[in-house]
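Presented sequentially are two complexes of chain A, the first with chain B as partner and the second with chain C.
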Partner chain A sequence: MTARRTAARDRWVTLGVFMALAAAWQALSLVFTAEAQPGEPMVPGWQVLFSRTLLSMSDYFQGGFGIRPISEGGVRSYPAAVLSLLGNSADTLLRLAVGWLAGALAGTLLGLAVSWSAWSRRLVELPAQFLRTLPLLAMVPLFQLWFGSYFIGKVAFVAYGVGVLFFAGVVNAVGNVPQIHIDNARTLGAGQWRLYGSVVLPAILPELRATMLLSLGAAWAAVLGAEYLGAQSGLGYIIVFAQQFAFLDRMFLVALLIVVYTSLSFWAFDRLSAWATRWAPAAG
Partner chain B sequence: MRRGAAGRFAAAVDPLRLAGPVLLAAAWWAMARALPPSLLPPPLAVLRRVAADFLAAPELTYYGLDNASLLGSLLYTVQNVVLAVALGTALGVVGGLLAARIALLRAVIDPMMLTAGTIPILIAAPFLLIWFGVGRGSAVALVVFNVAVVLYLFARRAAANLDPIHEAAARMLGATPAGAVRDVLLPGTVPEILGGLRIALAGAWGLEAIAELLGAQQGIGKVIEVLAGATDVEGIMAALLLLGAVAVVADALAAAAIRRLAPWTTPARLAAA
Partner chain C sequence: MIALDHVSRRFRRADGQIVQALDDVSVTIAPGEFVCLVGPSGCGKSTLLQLVAGLLEPSGGSVNVAGQVVRGPAPERGMVFQRDSVFPWLRVIDNVQYGPRCRGMKRAARLALAQQYLERVGLAHVARAWPRELSGGMLKRVAVAMVFANGAEVLLLDEPFGALDYVTRHQLHDVLLDLWEESRARTGRRTVLFVTHDVDECLVLADRILVFRAGRLVDDFPVAAPRPRTADSLLLADMVAHRHRLLAHLGLERAAPRAIAGAAAQ
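After this line comes the complex of A and B, so read on.
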């Protein structure tokens, strides 16, 4: 069988597996009808998820577009529910994006600065290793005490998690640039700045692909962790708020949405980084 | 890069390398002088706090913790992580190797595992809290889940990377299918699997801690949670420092164990992790 036909078959199998999972969930909801509390099934079927559960998302709507939020006497409606999901998604995604960008930028710049000389590289090796080993998710409360539990606190936390990874990744990648490339450039008269611009930066890009994907995972974990432990909005906030009342159906709906977002973001990152390093021979 | 014992020793006592942590502590100390101690306590105060609370921390009993010492809380957390890593490794490796050999199984499990590998496992934490309660179970289940997914992917890839010529040669020389699994597949995949174990272990500490932060009766994460409620930055940093030290030691132990158990291992590329 050719590779392309195998890939096509695998796609159908993948689709089949996910359809089967969805069907199994529905079957389970029919068989296992226990309720976490009256009217709240432990295993909510799809008909519940996309009617009552979706409607209940209007509870987390903060108002706007001429629709009154529940807290001000509005009634549950599908437009409010959809707007609520969109608004909370936007909050989470904005924290994720700003935090990731800030962390990637700061980590890369610091990593490049440290790689300027072999001396500074040796100096930061152990501290960087220690900071990377510190369990990131355990540090949520510390960042909340330092930066508050609003936008800045979450962005700072995501940026820290991403920045540490990028810093270590850049220092490591610069260390792996073949010496002969550097020597050649120097022999041809390149100064330190020129060397960075036209040799080091392009050379480390392919190796940073792994760091980018890894840091995206860390950023998602960080933003969820921060929202679990104290937020006024966002998808993680809805999950934890619903958990306190054992609203399993709401948690499930929002978790599904997050799975869709993470899968899409990984797919987009993979394609983007593959495109950015398309000139490089297959590596890391 | 291969280095002899002498080279390793020279790298270990490289004064510039050792100056790094000192510099970090100095930077911390300088920042602590500029900020109020309630925001950033100096390093010495945090170390003193670790020493003071290590065996008995009476103030923690006021918050209703049964196990009111850093050591006791740490032991609880370490037990959970060790248990979860062992369970998750067994599940992930067996699943990954089986999937590598059986095409139908691979076609069914792979899509799920690849999806599970991209989503943050943390998303499962609130569900586990409802299903397993606030005891040991929910935290352990979260870490097991994560370790199993990581090791499944590593075992699967290791088996796929193994050149089929090794097994073909073994079979030609008269190895039974079971013998080929024992003598070719296992030794051939162990190095990469152990590399995955180190990565999974590194992630386990943070997941265990946040599972305890979200709901638990004891553990170092619970200590951090109650101290956060009291805005006790010094205490939080003491607990974090201790947890970080344990994570560093565990990683070093795992690396040493890998060198001893699988001496044929080529230095795995853990750089990106």
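After this line comes the complex of A and C, so read on.
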């Protein structure tokens, strides 16, 4: 069978699995009709999720585009609900992106510093290894007390979670850079800065692909974790708010949305890093 | 001029044992000379090359190139390695212009230079390819072009063609000699140190052969046969004698190697 036909078949199988899962959920909602509280089914069917649940997202709308939020006497509406989901998603994604970038940058620089010189290694290695062993989620309350509900707190938390992964990944990958490439660059006249920019960084990239995907997962966990505790907006905030009132359907809708975002972000990362390492021979 | 003055180099192996890789080696090499370093594996010839490159420091003695003590690598001393050294993340032409780029040459000039050397080694048609798309012989051509494009006055080649097939190896000998003679005619000098353990390879290439054994320089003799040399050059009486001398050093001659080594030392 040709590769193209195999790919086409794979797509149909994927679609089929999705449909089957959706149908199974719907069937479960019809069979298992227990409610968390009156009017709140434990397993909300699709007809609930895409009508009442979606509409209820208006509750988290903070105003704009000429539509009044609920807190200022507005009424629930689909435009308000969609704008609310977009706005809260944007808040979460911005925290995620800024935090991931800051963490990746800091982790990479600190990781490179370990091999840069004897002095930079002495300065960086021990404190970084110490920070690395602190459990991320146990740090949530600490970050909340330090930074309150400010943007910087959530960004710092994500950056911390991503940074420690990058640090470990970079230190490990730098140790695996073939000496022959370093020797070659030095005999061709490369100085220390050029050596790091043109040899060490590209050489560690293939090995860092795994770290990047791993850190993206950690970043999602960290941003939602930070929003559980100290946010006034964002997808994590909606879930916590809904949990307090046992709005299972809202939690489920937002969780679905998060699955869509994480899948998209993993896919985009995979494509981007595959392009950046297109020079590398295929593994295996 | 390359001058090694009582150079020695020791290594500490992982098991803690000290290995004397080079033991009190003194030798002077004139500018423009093509010198082959021969000897069995582990005799110290690659160590000597790394000392001249500045990738290693001597444990004793000094290494001078052009009147300067060698302290670390420099673009004046280019090196072609035994294993593949071409950067896999750069396209072929970007590999060749890497050295000129380090020296701060302008983009247009270094691209023209890289293109020129790729043509000289017969790889102009793969300038935009990734190294992984090239064969082992082509990668060696790229490595040679990288070093020549960088204009090094001293070329250090560490068993560069050892892993190649017979035909490719001979093609690369021609490429190397062609570039060497052209640049020697232009600049009046371009010294080559070529490490090998292939007897015929060093007879075809060398002006002078240094033989090492167990870290010591045990023989040093010129090869006067006229260039260009062909397979027939190896049949000259002088060359046959050289060949026997080298085989004896490598322990491959039936005659007692000790007798010949003793005669050379006198």
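The rule is simple: the second predicted complex is superposed on the first by the 258 of 284 C-alpha atoms of A that agree within 3 Å, B and C clash if a C-alpha of one lies under 4 Å from a C-alpha of the other, contacts with A are read in each partner's own complex, and residues count from 1 in each chain.
Methods note: contacts are C-beta pairs under 8 Å (C-beta built on N, C-alpha and C of every residue); 3 or more make two chains touch, one makes a residue touch a chain.
It should be emphasised that the depicted structure is a prediction, and the values quoted were computed from it without experimental measurement.
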Which of chain B and chain C A:A246 touches, first, second, both or neither: first
Which of chain B and chain C A:G103 touches, first, second, both or neither: neither
Of chain C and chain B, partner touching more chain A residues: B
Chain B versus chain C as contact partner of A:G153, first or second or both or neither: neither
Partner chain in contact with A:H181 - chain B first, chain C second, else both or neither: second
Partner chain in contact with A:R122 - chain B first, chain C second, else both or neither: first
Which of chain B and chain C A:P44 touches, first, second, both or neither: neither
First (chain B), second (chain C), both or neither touched by A:G189: second
Common ground on chain A, meaning residues reached by chain C in one complex and by chain B in the other: none
Partner chain C, residues of chain A touching it in the complex: 180-181, 183-191, 194, 198-199, 202-203, 205, 278-281
Touch list for chain C against partner chain A, complex: 53-55, 72-75, 77-79, 81, 83-85, 87-91, 98-99, 102-103, 130-132, 146-147, 150, 156
Chain A-touching residues of chain B, taken from the complex the two chains share: 14, 16-21, 23-24, 39-40, 107-108, 110-112, 115, 118-123, 125-127, 129-130, 202, 205-207, 209-210, 213-214, 220-221, 224-225, 227-228, 231, 233, 236-237, 240, 243-244, 247-248, 251, 269, 271-273
Sites on chain A touched by chain B in the complex: 10, 13-14, 17-18, 21, 36, 119, 122-127, 130, 133-142, 144-146, 169, 172, 176, 207, 210-211, 214, 217, 220-221, 224-225, 228-229, 239-240, 242-243, 246, 248, 251-252, 255, 258-259, 262-263, 266, 284
